[in-house]
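Paired with subunit B in one complex and with subunit C in the other, subunit A is shared by the two complexes that follow.
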Partner chain A sequence: MAIGRGGATTAVLAALLLAACGREARDIGPSLGETPPRGGSDPRIPYYQDNVYQVAQGGRYFGWYGCVACHVEGAVGVRDLGDGRWQHGGGFDQVYAAIARRHGALNYAARIPAEPLWQLTAYVRDLPQHTPEKRRRLAIDQVGEPHGRSWSGPVR
Partner chain B sequence: MIPDLDRRDRLSLTWRDPPGWWGFLTTVDHKRIAARYIVTALLLLFLAGLLALDMRWQLSWAENDRMGPQLYNESFSLHGSTMLFLVSVPAMEAMALWLVPLMLGQRNMAFPRLGAFSYWLYLGGVLTLWVAHALDVTPDLGWFEYPPLSGPNYAPGHRADIWAQMITFTEVAALCASVNVAATILKMRPPGMTLARMPVFLWAMLVASLMTILSMPAIMLVTSMLIADRLVSTHFFAPAANGDVLLFQHLFWFFGHPEVYIIFIPATGFVSSIVETFARRRLFGHHVLVLAILAIGCLAFGLWVHHMFAVGLPRLGNDFYTAASMAIAVPAGLQIFCWIATMATGRTWLATPMLWVLGFVATFVLGGLSGVMTASAALDLQLTDSYFVVAHFHYVLVGGAMFPLFGAFCYWYPKATGRMMSERWGRVAFALIVGGFNLGFAPMHLLGLMGMPRRVYTYPAGMGWEGLNQIATLGSAIAVAGGLVFVANALLSYWRGAPAGADPWGASTLEWAGESPSPPWNLAYTPVVDSLTPLWDSPVLRVMDGVAIERREVIVTSVVDAAPLYRQKSAAPSIWPVVAALAVTAMFLGSIFTPWAIAAGALPIAAALTGWFWPQRGRATTGPLRVRS
Partner chain C sequence: MPTAGLLLAGCAGPQSALDPGGDQAHALFSLFGLMLWVSGAIYAVVLAGLGWALWRAWRRRGTDARRDATLVGGVDARLDRTLPVVAGAIVLGLTVLITGSFFADRALFATRAAPALEVRVTGHQWWWRVQYRDRVSDGWIETANELHLPQGVTVRLVLNSADVIHSFWVPNVAGKLDMVPGRTNRLDVTARRPGWYRGQCAEFCGTQHAHMAFAVKVEPPAAFRAWLAAQAAPAAPAEGRGAAAFQATCAACHAIRGAGAAGRAGPDLTHVAARRTLAAGALTMTRGNLQGWIAQPKAIKPGTSMPAIPLTPADADAVATYLATLR
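The block that comes next holds the complex of A and B.
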């Protein structure tokens, strides 16, 4: 009994450890996302989707590539990315494809390198969990970053 | 005065702890609590020292790949946060908790349970940072985490929250310890120990405690604001929404600069005690030393901006803070001259504690001189964020605080354990640590002047930095080896050291009046003091009786004249400090994840405090709250 409980505790601790590792890791090195995801169970997906750093990087590119111009806070219909409804499916590969291939002349597949696309995908799939005040707060911190065409220069 | 056996037995019965684990958890004995503080802090000193050695290894060669940038960031953040918040300040508080009642001839601190609460909360802070590190959620933004880098946008996850909450833990613990120390020194001095007859050590601890009380709220405020920014999206540090990132730096350094003196001033107390004992004469310029400590305590609050010269200030601001920073060299210099005069005119005996004082004087003066250099705003713009600064603050913190702490450890070790440490191995440890330290950190001045920035995880070949970095690594390794000798000496002496007796050094202050190790009740009678050095000036220590021995009681005296006022009940062992600390820990940790933890967590804290303060005496028979039949 005592051994069983010890084993269970160890298992819980180990699970916590692994979860914490992946979630908080901040890898700065050769990127995994050099090519688009291969299907919804590509093993690279958790590396981006379950990592706060990668999601946050996606949030910054969301501003840089001008996504906020249309997918602004309070947008309605298909442009509302925070409602959890996906026109072309909510799988990682499906959202990735929707960003890369379904924006017509914007042609993001050609304009955005693969890794930022991975990060953008992780970010927009994470959006349903973001509260509006959190999105606004992050946007305030990003005012000084190059925001597509609407950038007004560094904060003074 | 030697107590008879009957009195000893009755005192032991009154002041004993319950046996076993229950006694471990409930004790309010200031010596047991302080011992825990010191052992925890020394363990962390060792762990953070290994981190330092690892970083030195990384920097020994250009483009070394022992660490990547992220691991290096985590290493120096963990090293700095641990050394400042979990080692230096708590170690100084622990020395106060241990020695202040002994030096006052009192049986315990003014608030015994607050002392226990302080330790448990400090332990909560230690575990928060290091358990998080084991889970790979290590803070990675340095020991001061400036927004916007530490804000919600650029520090996702919980690394910065862990850092901020660790600070909340340690600052609450420090406030509890400081209030306790200040109240004890001001209201519990033995009869006759007027403010003018108070040893420099007690002055140092009093001033450091008052500084803690005045400066710690600033950092608790600023880390709480940072957590609010991150957790509930407030705008304190968001310039685009009329917040101000510099506000963080001002509030941080309004605490941060006094903090280095909160670390240094207790060290001046250690040095004063050691110098007096081993020079075998009263301190030269006692009043000058006390006034210098008071002056440093005041000036320390007026020069925090010198940490921010590179931020950009008006000309007058630069001038003012440069002048204020240089002014502090005057009282610090006066202290050094007083100690040197005491040593030069006394019959100085170079035992190990005194060697540490010599190491302190030499190293700290070097650190002080590089401090005067960096105090100049014009020069600081060149030196800031370079290895010159790293060299400077290690010289003042290690030389100015750690060397006196090691000396104090050797000096009071016989009082704490009843055993002498080995002099021979003490000298070996001293030579290795002081020699290794200077070999390790002196080259960093040059590296800084050659342009090597701090906080870089590697550098390209061909910069000409490798040789000096290798010398620095060698020196650090020697110092760490010396630290191991020091710890081994302390451990072995605990069992094998020669018995010390009450006063092995022939010292002058009251902590040496009783037996070693001190029994739980400290001194059998209340001493009466009529000079600065009571054990030297009267052949037999005068004492008074009248404080109860069959119940826990202490004597309370007036603030200035130390005239006896009344007898005060002293709190008995209690489980409530641990329970309260657990409740506070739950709230602090919960508030990393949800703001509701603050509301929900307040209920267990209120329950624990209610239990803690539950009245223990009968209802009053007069007044509005009297028992009505």
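The block that comes next holds the complex of A and C.
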């Protein structure tokens, strides 16, 4: 079947315009991340890493679980998560394992369920791509959110 | 009559602006009544004029309009006389409405100058954090998804949002007011009629906006003080299997004062079983609903930030039993 040039252009434009919608998709079915990732090619990884909503949820848990207490803005060395250097490897499964198993007595593997760990991992792996403007924007967005054991209210 | 009865039955109830139980709701209800009568009268006059014109045209069908006796030099003299009267009546009606609105506004803010009992209400996706000032420690007594108001006393609600725009609305007590991130809005309410009412978020705030409700109880001041004293008291020290499982996981986000749990991300659970509802009005408070909510929160409120915690059945049972004792 022949499609006119105009039709093809419209289809390409529509595909380009709608392509961004999928990045925000919220899935209300049963959660996919009920078990840790199986290796670096687990098919669930793109579902979390490429979805803006899942990454943003990770950012909220990052504050709620108190991660910001150590990984603050301006932290140096291993606590600086935005420098793109991963001591235990930057693969999704490696970062997941580092969060869950390499925090000593905090024992996040037992304290944080699997789905928030998936989202936290996606968020943390997203951090090196954040521009200063985006970091500032996120800080403003989350000023009213609880941080670990403290919540002072949205208006200072 | 039965039809009218059925129609009016929808006006009463625990979530209705047409069944006011407080001063501010009364002011708004009076304004609504005034608007209904004035607009109703204008509507009736306009429709009567239209009907009369149709009837006149039907009666004179077949006659030549140019020979109409009322037309003098192409001008309808009667229309010339009546049009200013009609326009004047409309302007008068609108003036009555504006005056009514002015006085209703003044009534809503009449209590603003006097000091009042402050209660902080903060909107979260998708629940309400409620804090009362503790006169003893000067701190805050925190609860969630339930607001108690002393009867006949003005309460100043200090409204904030932690994430997106929500809107605070208990139609039986007062009008709605938005909760805007980074801003503090204040709403004075003086509840008069004791009983249970329902509040609801009135600004779309995400997937579970519809399940962001809360229970409101208006009670005599003595009963209110007793309730607040009970809320201020810490829970019993944690012991047993349920408390241990709670400490290991739930305590990261939930607080139980007196039992060592101090997370602030989720609702304070110090006296959770004393509340009327669970999950921001989504469920009634029962031991079974507690366990169901813990087992699969996303099945009850898809999109909620409360994750399902992989507890063994025995632990889930123990946690729900423990929470049901927190009265």
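Everything below uses one rule, namely that the second predicted complex is superposed on the first by the 130 of 156 C-alpha atoms of A that agree within 3 Å, B and C clash if a C-alpha of one lies under 4 Å from a C-alpha of the other, contacts with A are read in each partner's own complex, and residues count from 1 in each chain.
Just so we're on the same page, a contact is a pair of C-beta atoms (placed from the backbone, for glycine too) under 8 Å apart; a residue touches a chain by one contact, two chains touch by 3 or more.
Since the model is a prediction, treat every value here as computed from it, not as a measurement.
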| When the two structures are laid over each other on subunit A, do subunit B and subunit C clash or fit? | clash
| task | Would you sort A:Val143 into first (subunit B), second (subunit C), both or neither based on which partner it touches? | result | both
| field | Touching partner for A:Asp80 - first (subunit B), second (subunit C), both, neither | value | neither
| Where does A:Val52 make contact in the superposed view: on subunit B (first), on subunit C (second), on both, or on neither? | first
| Touching A:Ile28 in the superposition: subunit B (first), subunit C (second), both, neither? | both
| Touched partner set for A:Ile112, first subunit B, second subunit C, both or neither | second
| query | Which region of subunit B runs into subunit C, 166-174, 310-318 or 490-498, after the two models are superposed? | reply | 310-318
| task | Kindly list the residues of subunit A that each of subunit B and subunit C touches, one partner per complex. | result | 26, 28, 60, 141, 143-144, 155
| message | Using the touch definition from the top, list the residues of subunit B that touch subunit A in their complex. | response | 68-70, 134-137, 140, 148, 151-154, 156-159, 229, 232-233, 235, 238-241
| message | Considering only the defined contacts, which subunit C positions touch subunit A in the complex? | response | 120, 122, 160-163, 181-184, 207, 248-249, 252-253, 262-265, 298, 302-303, 305, 307-310
| request: Spell out the residues on subunit A that touch subunit C in their complex, using ranges where they run on. | output: 26, 28, 30-31, 34, 57, 60-61, 63-66, 110-116, 141, 143-151, 153-155
| task | Show which residues of subunit A lie in contact with subunit B when the two form their complex. | result | 16-17, 20-21, 23-29, 52-53, 55-56, 59-60, 131, 133-134, 136-138, 140-144, 155
